[in-house]
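Structure provided below as structure tokens; questions to follow.
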Amino acid sequence: MWLPVAVFLGVCILICLVRLILGPKAPSRIVGLDTINTLVVVSMVVLGAAFEQVIFLDVAIVYALLSFVTTLYIAKYIEKGKF
Amino acid sequence: MNSIVYTFIVIGCFFNLVGSIGLHRFPDIYTRLHAATKCTTFGSIFLVAAVMIQSVGTWGTEGMSSPQSVLTLHAFIALVCIVLTNPTSAHAIARAAHRSGVKPARAVVDDLEGDRHD
Amino acid sequence: MTDSGILHVIIPVLIVTCAVFVARFKDLIYAALALAGLSLLLALEFYLLQAPDVAIAEAAIGAAITIAIFVLAIRSTRRT
Amino acid sequence: MKAIKFLVSACVAFLLYLLLTTASGSLFLWSREELIIGAVFAIIVGMVTKDMVVKKSLRMLDPRRALLFVAYFFAVFLPAMAIANVDVVYRVITGRINPGIVKISPNLGNDLSLTLLANSITLTPGTLSVEVDEKTNDLYVHWINVKKQALEKMPRDYKAVCGSFPDWARRIAG
Amino acid sequence: MMSKIVRTMCNILVPLIFVFGLYVIMHGHITPGGGFQGGAVFASGVAFIIVAFGSANVQKRLKEHHLSVLESGGGLIFIGLAFGGLATIFFFNFLVGSPIFGHIPPSGANPGDLWTGGVIPLMNIGVGLKVLAGLSAIVLVMALVSSGIEVEE
């Protein structure tokens, strides 16, 4: 019941990846990356339910927290701020 | 119980798909952020809620200190992280884009353009 | 083909696509973005292969620290 | 004040650790070892982050504010978010947009209420917070469907842009 | 320094990241993770503070030699524990059966008892200290250099 959902989310990731590759400027590409982040976290939660492995959900929490740091670094690079 | 889970899955999948398609339908970064942030957050809430409801349904047979209750709690923590981080990263991206000089396409008004001091 | 089998096709295809574009982008920050996408999907693939240990390492190192160091290094270069 | 800051942040860290390790014991929900290790970690994290968790006053410890936040989240925020998503679906299908960036002055005093307001309006119908003025706490909002009557006077009326969210933010964290 | 909203969000999320990193380090022997992974998560929290508040503000509170001391301490813990079992054999797990981390787990599937593993959790702590201090130092020094601030030797 959960694996088709994960396949569907994989298709959504494919659609967002097209924006990551095509996007005319760097900001548009980050929007694609940010969407992929959320979709990957959700598919990790769904796959954790599919495999019935409780400990797998720790990976999803780590990812939800740390992909945010990546986004902030690239956003700060684009706005030409001082690190 | 099962029908609620299936309904939530369908709603979540639909909004995630709309969010991904919205990335291609809109003309500039700000409107794309509208589609990406709102729809994927809403869809994630429903999908994770479906996982949580299904695992709560097994509490009665397996008891409170079973692995299933841990699954519910950790899915809830992941959901809280998504809901907290998603709008903030959208704000950071929009701010960076405006500072790097991306104009909103087809804008009727832009108050920020005149008010920039730096 | 089972659903899990389809996932084992989709995710590696996405990873290879990302890897090709990491090599092809001329602008360094675009390549860093594609690399971030690559490590995201690589962690998902490790997760699918039932290796959460490696997935956490890939998540923490590949997604956050590596991209941070790359962006800081690109920041120190000068654009011609 | 320093001791109170440390105590509050250590308690926050301890609660977070307990949330992560629920159902580790068989008799109680937490085993004795987890509680000991959690206390040690809470002291470490409390010492590191004591200036980040508590800023000036302890007003967020009031349980009424937490209840108000829960009520706001379920009664006001989630319905608005559902409307926002239907709105985005409509715009994705038709492609009909009328965007612009407007400035609103919600007159919020502190950072936490401003953050709550900015995150709320990012997730609710047609608005996205772009920039915040560091001195006057004014928000610049990207509005996907600009209404003509909101543009007439210069300090824009925030009722037209984001409804009653500023009032709620002031009540919860103000 | 980034905008007010990101800074406030950093204040809320950083305790969560730190607690989670320590949780991953501590539970290395019963759940996925371990010293390296948990240290990297903790160091990502430090990187988050650096990007939100600016490296110049971080340097006022956190000097490079603090991190150097932490990293050396982690290495010393690991080596000391390795030599601690030298009465029998190098890397002997001498804590099994003792009151510290000494439980012997029952065979078969079980939810995981924290108080097992002997020196393994302590070695995870050593590795975690070393990794978190090293990675934080790398990110901090690179941020300082890229914004043109002098770094102490």
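A few notes on this one:
Chains here go by letter, A, B, C, D and E, matching the order in which they are written, and residues are numbered from 1 within each.
We adopt the following convention: a contact is a pair of C-beta atoms (placed from the backbone, for glycine too) under 8 Å apart; a residue touches a chain by one contact, two chains touch by 3 or more.
Keep in mind the model is a prediction, meaning the values are calculated, not measured.
Traced through touching neighbours, the fewest hops from chain A to chain B number 1. Looking at chain B and chain E, the chains in contact with each of them are A, D. Set against the C-alpha centre of chain C, every other chain centre is closer than that of D.
Compared on C-beta pairs in contact, D-E and A-C come out with A-C as the pair having more. Rounded to whole angstrom units, the spacing between the C-alpha centres of chain B and chain C is 21.
Taking the mean of the C-alpha atoms as each chain's centre, chain B and chain D sit 15 Å apart.
Inter-chain spacing, taken between the CA centroids of chain A and chain E, is 25 Å.
The residues of chain C that reach two or more other chains are 52, 55-56, 60, 64, 68, 72, 75, listed in rising order.
Those residues of chain A in touch with two or more other chains are numbered 26, 30, 44, 55-56, 58-59, 61-62, 65-69, 72-73, 76, 78, 83.
Taken residue by residue, chain D touches two or more other chains at 20, 23, 118-119, 129, 131, whereas all remaining positions touch fewer. Interfaces, counted as pairs of touching chains, are A-B, A-C, A-E, B-D, B-E, C-E, D-E. Residues 55-56, 58-59, 61-62, 65-66, 68-69, 72-73, 76, 81-83 of chain A touch chain E in their complex.
Residues of chain E touching chain D in their complex: 3-5, 7-11, 14-16, 18-20, 22-23, 26-27, 111-115. Taken in their complex, chain A has these residues touching chain C: 3-4, 6-7, 10-11, 13-14, 17, 20-21, 26, 29-30, 33, 36-37, 40, 43-44, 47, 51, 53, 55-56, 58-59, 62-63, 66-67, 69-70, 73-74, 76-78, 83. In the complex of the two chains, the chain D residues touching chain B come out as 19-20, 22-23, 25-26, 29, 81-82, 84-85, 88-89, 91-92, 95, 97-103, 118-119, 122-123, 126, 128-131, 133, 140, 142, 144, 146, 151.
Across the complex, chain B is touched by residues 2, 5, 8-9, 12, 15-16, 18-19, 25-28, 30-32, 34-35, 38-39, 41-42, 44-46, 48-49, 54, 57-58, 60-61, 64-65, 67-68, 71-72, 75-76, 78-80 of chain A.
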